[in-house]
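I'd like to ask you about the structure that follows.
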Amino acid sequence: MSNQMVDLNRVGAKGAIAEAAEGKWGMVIDRDLCTGCQACVAACAMENNLSFVGEEDAGYGRTQHWIRIERLWEGEYPEVKMDGGFQPMLCQQCGHAPCEPVCPVFATPHSEAESINLQVYNRCIGTRYCANNCPYQVRSFNWRDYHIQPFHANLVNGQLVFPLHNQFNPDVTVRRRGVMEKCTFCIQRIHSAQDKAKSEGREVEDGEFTTACAQACPASAITFGRVDHEESLVSQLGQVSRGTKHLEELNTLPRVTYLEKG
Amino acid sequence: MSDTTLLALFQDIDPAADAIEKLHELGVTDDRINVISGVPVTHKMLGRPHPWTNVSRLALGGAIAGFAFGVFLNFGTPNLYGVHVGGQYITPIPPGLIIVFEMTMLFALLSTFLGVFLDSYFPNYRPLEYVAEVSDGKIGVFFKCAQDEQKKFMDALSKMGAESIRPVEAQQL
Amino acid sequence: MSEKISRRDFLKLASVGAATTAVLTGCGPASRYVEREPYMKMPEYSYNGLSTYYATTCRECAAGCGLVVRTMQGRAIKVEGNPSNPVNLGKTCARGQATLQGLYNPDRIEGPTKQGRGSGVSPLDWDAAIQTVSEALKSNNPSEIAFLMGTGSDHVFDLASDLTNAIGAPAPVRFGALSMFESRATLSKAAENLLGQSAMPFFDLANADVVLSFGANFLETWLSPVAYTRGFAKMRRGNPKQRGYFIHFEARMSQTASKADEWIPLLPGTEGLVALAIGRLVAEAKGGAMPQAFASVDPLEVASTSGVKLETLEHIAQLIVEAQTPLAIPGGAALGQSNGLSTAEAVLALNALADNFGKPGGVFVSPLSPNEDAYHRPTSAQEMTEFIAKMKSGGIKVLFIHGVNPIFELPKSFGFAEALESVSQVISFATFPDETAIASDYIFPDHHGLESWGYQRVATGTTQSVLSGLQPAVSGVYDPNTNELLYNARGTADVLIAAAQLAGGKSAESLPFKDEVEFIQSKLANLIGETDGSFVAPEINTFSAYFQQHGGWWKKTAELATPSASSVLSKSVKVEAAQFAGEGEFFFLPFVSPTLAEAGANKPWLQELPDPTTTVMWNTWVEMNPETAHELGVTNDDVVEITSEAGVVKAAVYLYPAIHPGVIAMPFGQGHTAYGRYATSLGTSEKFMELVPTSQYVNGGKVSPRGANPADVLGAHFNAAGDLAFAGMKVEVKKTGETQALSRLESRIGVYGEGMGEEH
Amino acid sequence: MAVTSNHLYGAQKAHETPHEEEHDPREQLMYDPLPRGVMNDMVMESMTTTSWKFWAVFGVLSVLVAVCFFYAWGFMISEGLYIAGVMRPSYWGVFLVNTVFWIGISHAGTFISAILRVFKAEFRRPFTRAAELMTTFGLIQAGASIFMHMGRVWLFYWMLPVPNERLLWPNFHSPLMWDLLAITTYVLGSTMYLFLPLIPDLAMARDRSTGWRKTFFKVLALGFRGTEGEWRHLTTAMNIFAFAIIPVMFSVHTIVSWDFAMAMRPGWSSSVFGPYFVVGALHSGMGAVAVVLVIMRATMKHMDYFIRKEHFDGLGKLMMIVSFAYAYFFFNDYIVQWYGGDKWTDLLLHWLEEGPMAWMFYLLILFNIVIPFLTLWNKKIRTTPWLLALIGTLINVGMYFERYLIVPVMLTINRMPFTWKLYFPRVEVFLTIGTFALFIWLYMLASRLIPLIPVWEVQEGQMVHTLRKVGKTQVPTVSEFE
């Protein structure tokens, strides 16, 4: 019976491309383990040259967090609880991403090679439609040139010197104002691992590299890897009964599986 | 035999129509007559032949070109550099209908507009035969006649109710 | 065209073409956004396009987590955990990640400076600096020389200890706000009293199945947060058959409490009673003779004083009875009470009752670090008051300060800043212009942790004995325009060695080393023969090289000492009622900000990390139960004035749904009046528009504090172990009428239903 | 030849009747003809008679345009979008509100000049041009507002259907591309449609002016004389335009609505948005036409001859009908959202009805539905110019509120409650003032430069309208010329 039914995961909203529902790269986040410690947020910021925006802009909804830790409340004191615990929210690298088709200039296309959403910074013209259409609200916009505000500089011999720029990861573009950005699943790490494996004539092994957030997570709540390899840790974890996808009903085919407390 | 251009000005349509009939009787063919007016006056009222216009054909041609351009945009350009977005086909049909519709309309409207220019030789800043009273609602009838017959036509048309009738030269408008 | 295009024309055309391309594609050279010139001098191990990795140790707190620093062409790019270091096994916390923002902080001290306590600032060179230190060592009576040091940089502490020991000066004093809020003295005293050994107890969270935490905020900043978080994760999901159950007792829902299956709010100061009551109920359920420790407690009475229902206590006792490996952890605000020591003892007694001493999932004594003779706890707050009294009395003529910022970290009521005025010469080795540094006579900036040599003893957090090693990941921060050091820092150990040798006599004899590295090698020498280590090396140079390569040296096998449990239960444990200082209506509960801790405020990304529980960024808030706030007539963002017998502090209110209505809580970590542009507030410049002259901080210029420091309202009250009773204050709360919008990551509409009508 | 007094067209005064019901047909412009020459002179004089008040207002507007439009926009381009109020989750703010609003305004012109032309509603004749000018000038503001909204406006041309160096074309999946093409079509189409019937009037003006005006009109009139052929081409083209621009007009606002309806968001994803937006556009457009006509009539010379109570009456009726249609679609959209009971939509409705912007929600119902319903059935109110202008203004305020609710206020509510934040405009306030100022400024400038009354169309209309004596009364009749 059941194998005759339509596999809804494999049929896109438009019945269109025949990409396997599980994609290539994926992530499992165990909400039961996440302690909300923000190490992933800091690691992501350090890896991906994110800009900090200062108190005023941060409070105004202009933070540049590619991953943020959400929490909602449930109940009243003293029976108050966090609803399901902390929920790290990042780009879900949807198989059918609502952000993609709405961009007029193809600045956020779907990578067929890596099966994730790309953000092409130098193509972006800043219509911000993708951010509106993202059901997970994980895109952040560069409202100003945060990195080069003179506030961050020292005046050395009459010249502005930005010591903080020393830290920039040369593998990641520093975004300037007017463009959208979002989590890339640390695509620079994916590429360098693939290049290395290719030069050694082999496949990338499971656990050979991971994203900055997963690497930092002290509780190991984040696992990253190949979801299309059945033996990989992320595939194994993704199949446990606690697994859910956020806003699954939208058929965005997210690549991030959350493990609930249960 | 050199020709001269005469202009008869009329206050109303009826005498103008009569005058044109008279001109026909006097042997002036329609291709030697031209009528200018401040409001559109149909050829039937004046008993003139149906003026030919290419505007609607050009509009149709434009629409076809626009349709083709829309088809090219939606179904052609994605194949030059294919990008997958949102799990949709590279060349989806429903959005294509919108593109094709808009392009069809745009090209049709543009060619209609250009059609007016082409058919009417706009813009045209060369000297032309004209009298300003026409835009006050009068009807002017130009016709060409042999110089020696000028007097005959002037008399005939004055009788038909022409306010004035005189030879005109092309002037800078 | 017959004419040839000349070369000049061609270049012109080409440049026009390039410019056009740049404009058309928008990604040509014209649109380059951030310029970063390569250094003119590249480090030895630098390959174009390749990264070099260095193993070192995190110095953001004293836990001693191993790091691997990715560098490229002389710049540190990213910090990762060292996967082989047993403390953190490749993981880092947020503060560890942000350590690069300390290294490249625009507000580092630019070089050795005659600070003149903020009056006349003039740069010095290092020779003059060493001369100054040498003079200070030579020309003062050794008993009047004092070293005040932080809890990090163990090698500098060892060096200073050797120096003071040799010249007959008092031993260096080590202090840190974290250790104060962790009540390390209480923990080690309780261990001494009950386990017979003054040491850091180790709680084997990973193998426990029911965990009771009495205020221990082990997922935030407590002792070794990365290690304990790993333990927590293993407790939860390490055993596929059973998910560990976690109960947390604390008056407010801290980040740790938020991960508990049951968070049990109770009146501050009653944690020990609750532990005893649970112990009694467990003992009753188990049957047999009632252990002496729990004999005198009446659970019903405890229920009424603590506010925890008797059924809850019984239910928890039942859980413990049924558990295989139950574990109880004392910590945090439970120990920062006048009865903190007996609370710690009561909780340890509960563990003894569960018979988990020295068993998996139980209590151990942390192993000593490889080159450590005995556990040396940091100075307790009470001992700090004695030190300050000595300063005040003029008993200290020269004070060396390294790795600690006591003006900020100690409660204002201790009077450190005033006492500093009685010290004739204050020499600071601060890397950043913090409050204490700018109140010093000299600042001789030490390297940032990522530029430093050194080692860090791991006090707790792992079953193995670990000595984490530091080595410079970068040689410094250069100005690429001039190839000169932006921050002309020098290792304090090097400065002290040079100064001691210059001073001659006993000083020189005690430190017969060429430099810091040689000194460190001398401290590692006794490990060369060890075979049970992470590596074995025949002689010191090889050992040093491996030590750098591995990021430290550690024993391969677990070395946890098993405490003797027999006597614990027969001892009578009496938890007296907690004493609260002041007449105020509310209990005051300061806690260390999980993201900033004691010294994170100058790292902009740590400021921008939302607090895990409130999601507030860049500021200080006052947590208050909405009901309490309603009674006080205040609401979100209203600034309130909190008055204790010791002082006043003002901050904006956050209506926190998960806090005891009688308790007001405030995070520690903000409220700096110096410490750089990100730690302070600059009014309009906060919009990050204007250039800020560094002198504004170094001179203690026109900056206002960012947020507020709850230590301002803490009085000098201690528990029996000498730790500060920081949670033992009662305060008045008054509305000021001012408001200050707190920047939150969360939505007040979506999370708290503001503006969603009555039903939501 | 100048028209010196009003007695020439005081028809209604001469034929006053004691009973209100019995209107003299000559109260209507079409049955109160004047010689063409007289009308020409009246129109020419309306263009050239300029009081100091005009220049005062024009001067103030020039300053506003310079400061609030060009300077504010330039500042925003040089500084970055942070000076606007947009943020997560309201990535779109007042700029998009303005875009939708101005496109809405622009719909009136096409509606009056195309639909009413196709259906031969004769009362349209004197004000088709005034309405079409609103289309063109409104679309300028709409286009500017879209560009203001863009993060990197200097790269706008990447949206044009031109490939980059790797043969990558724009993304035709994107509703913004549809929008771009539709608005381009509409701007070009409506501007051409404005220009075609203007040619004979420009020729008229050319014949009656001197100096720089003569040159100006001569250039624009393109050498038009009014030959049979020229008229034939012109009327053919106008007919094609009238029919073709109607679907374009519907498509434009439908596509604008699709910018929202295509998005996967509560409140936006609604299939009724297309017609709802079209009707909303007509609603604000009609209101705006009424306001413009009242102002024109009150401030420009001789306009009380061309624009009469009958026109306000007709416009008022149209406004009422559109208001009914608007109410229908509004309710349709609302009840579908309400009935569905989807969690997020439910929260959204709570937010709209009980949230901090609820006042806007209720005022929009009041201004767009209640007030038109209560007032416009009354002919006296319809024919009182200032009242009609007031109602038109209220409708426009209400429609602005509607767009404001749809864009930033609905954007507050998404499926991630952790991110909900309410938007407040910052520099957008100035830029909004700037677009309004620029619109009025352009309109005032146009009123000095081009004949706002299509004289030839009025004359043509007067020619086909006659009074026929039937028994003892005179009956208005219309003849079909074409």
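Order of writing sets the labels: A, B, C and D. Residues in every chain begin at 1.
Methods note: a residue touches a chain if its C-beta (ideal position, glycine included) is under 8 Å from a C-beta of that chain, and two chains touch if they have at least 3 such contacts.
These figures come from a predicted structure and were not determined experimentally.
A.B. asks: Chains shared as neighbours by chain B and chain D?
C.D. replies: Chains touching both chain B and chain D: A.
A.B. asks: Could you name the chain whose CA centroid falls nearest to the centroid of all protein CA atoms?
C.D. replies: Chain closest to the assembly's C-alpha mean: A.
A.B. asks: Which chain pair is joined by more contacting C-beta pairs, A-C or A-B?
C.D. replies: Higher C-beta contact count between the two pairs: A-C.
A.B. asks: Roughly how far is chain C from chain D, centre to centre by C-alpha average, rounded to an integer in Å?
C.D. replies: Chain C and chain D have C-alpha centres separated by 65 Å.
A.B. asks: Hey, how far is the Cα centre of chain A from the one of chain C, in Å?
C.D. replies: Centre separation, chain A to chain C: 29 Å.
A.B. asks: Whole-Å distance, chain A centre to chain D centre, using C-alpha means?
C.D. replies: It comes to 45 Å between the two C-alpha centres.
A.B. asks: Which residue numbers or ranges of chain B touch two or more of the other chains?
C.D. replies: 83, 85-86, 88, 92
A.B. asks: Name the residues of chain C that each touch 2 or more other chains.
C.D. replies: 25-26, 745-746, 750-751
A.B. asks: Two-or-more-chain contact residues of chain D, please, as numbers and ranges.
C.D. replies: Residues 152, 155, 158, 168, 171, 173, 177, 416-419, 421 of chain D each touch two or more of the other chains.
A.B. asks: Show me, using the given definition of touch, all chain pairs that touch one another.
C.D. replies: Taking the chains two at a time, the touching pairs are A-B, A-C, A-D, B-D, C-D.
A.B. asks: Would you pull the chain A residues touching chain B in the complex into a rising list?
C.D. replies: 12-14, 16-17, 19, 95-103, 106, 108-110, 112, 253
A.B. asks: What part of chain B is in contact with chain A in the complex they form?
C.D. replies: Chain B residues touching chain A: 83-89, 92.
A.B. asks: Note which residues of chain A are touching chain D in the complex, please.
C.D. replies: 57, 60-63, 68, 70-72, 89, 98, 101-106, 123-129, 131-133, 135-137, 139-145, 177-180, 247, 250
A.B. asks: In their complex, what parts of chain B are in touch with chain D?
C.D. replies: Those in contact with chain D are residues 34-43, 45-46, 48, 51-53, 55-56, 59, 73-74, 77-78, 80-81, 83, 85-86, 88, 92, 95-96, 98-99, 101-103, 105-106, 108-110, 112-113, 115-117, 119-126, 128, 130, 132, 134-137, 173.
A.B. asks: Which residues, counting only chain D, touch chain A once they are in their complex?
C.D. replies: 79-82, 86-92, 149-153, 155-156, 158-159, 168, 170-171, 173-177, 180, 259, 262-265, 411, 414-419, 421
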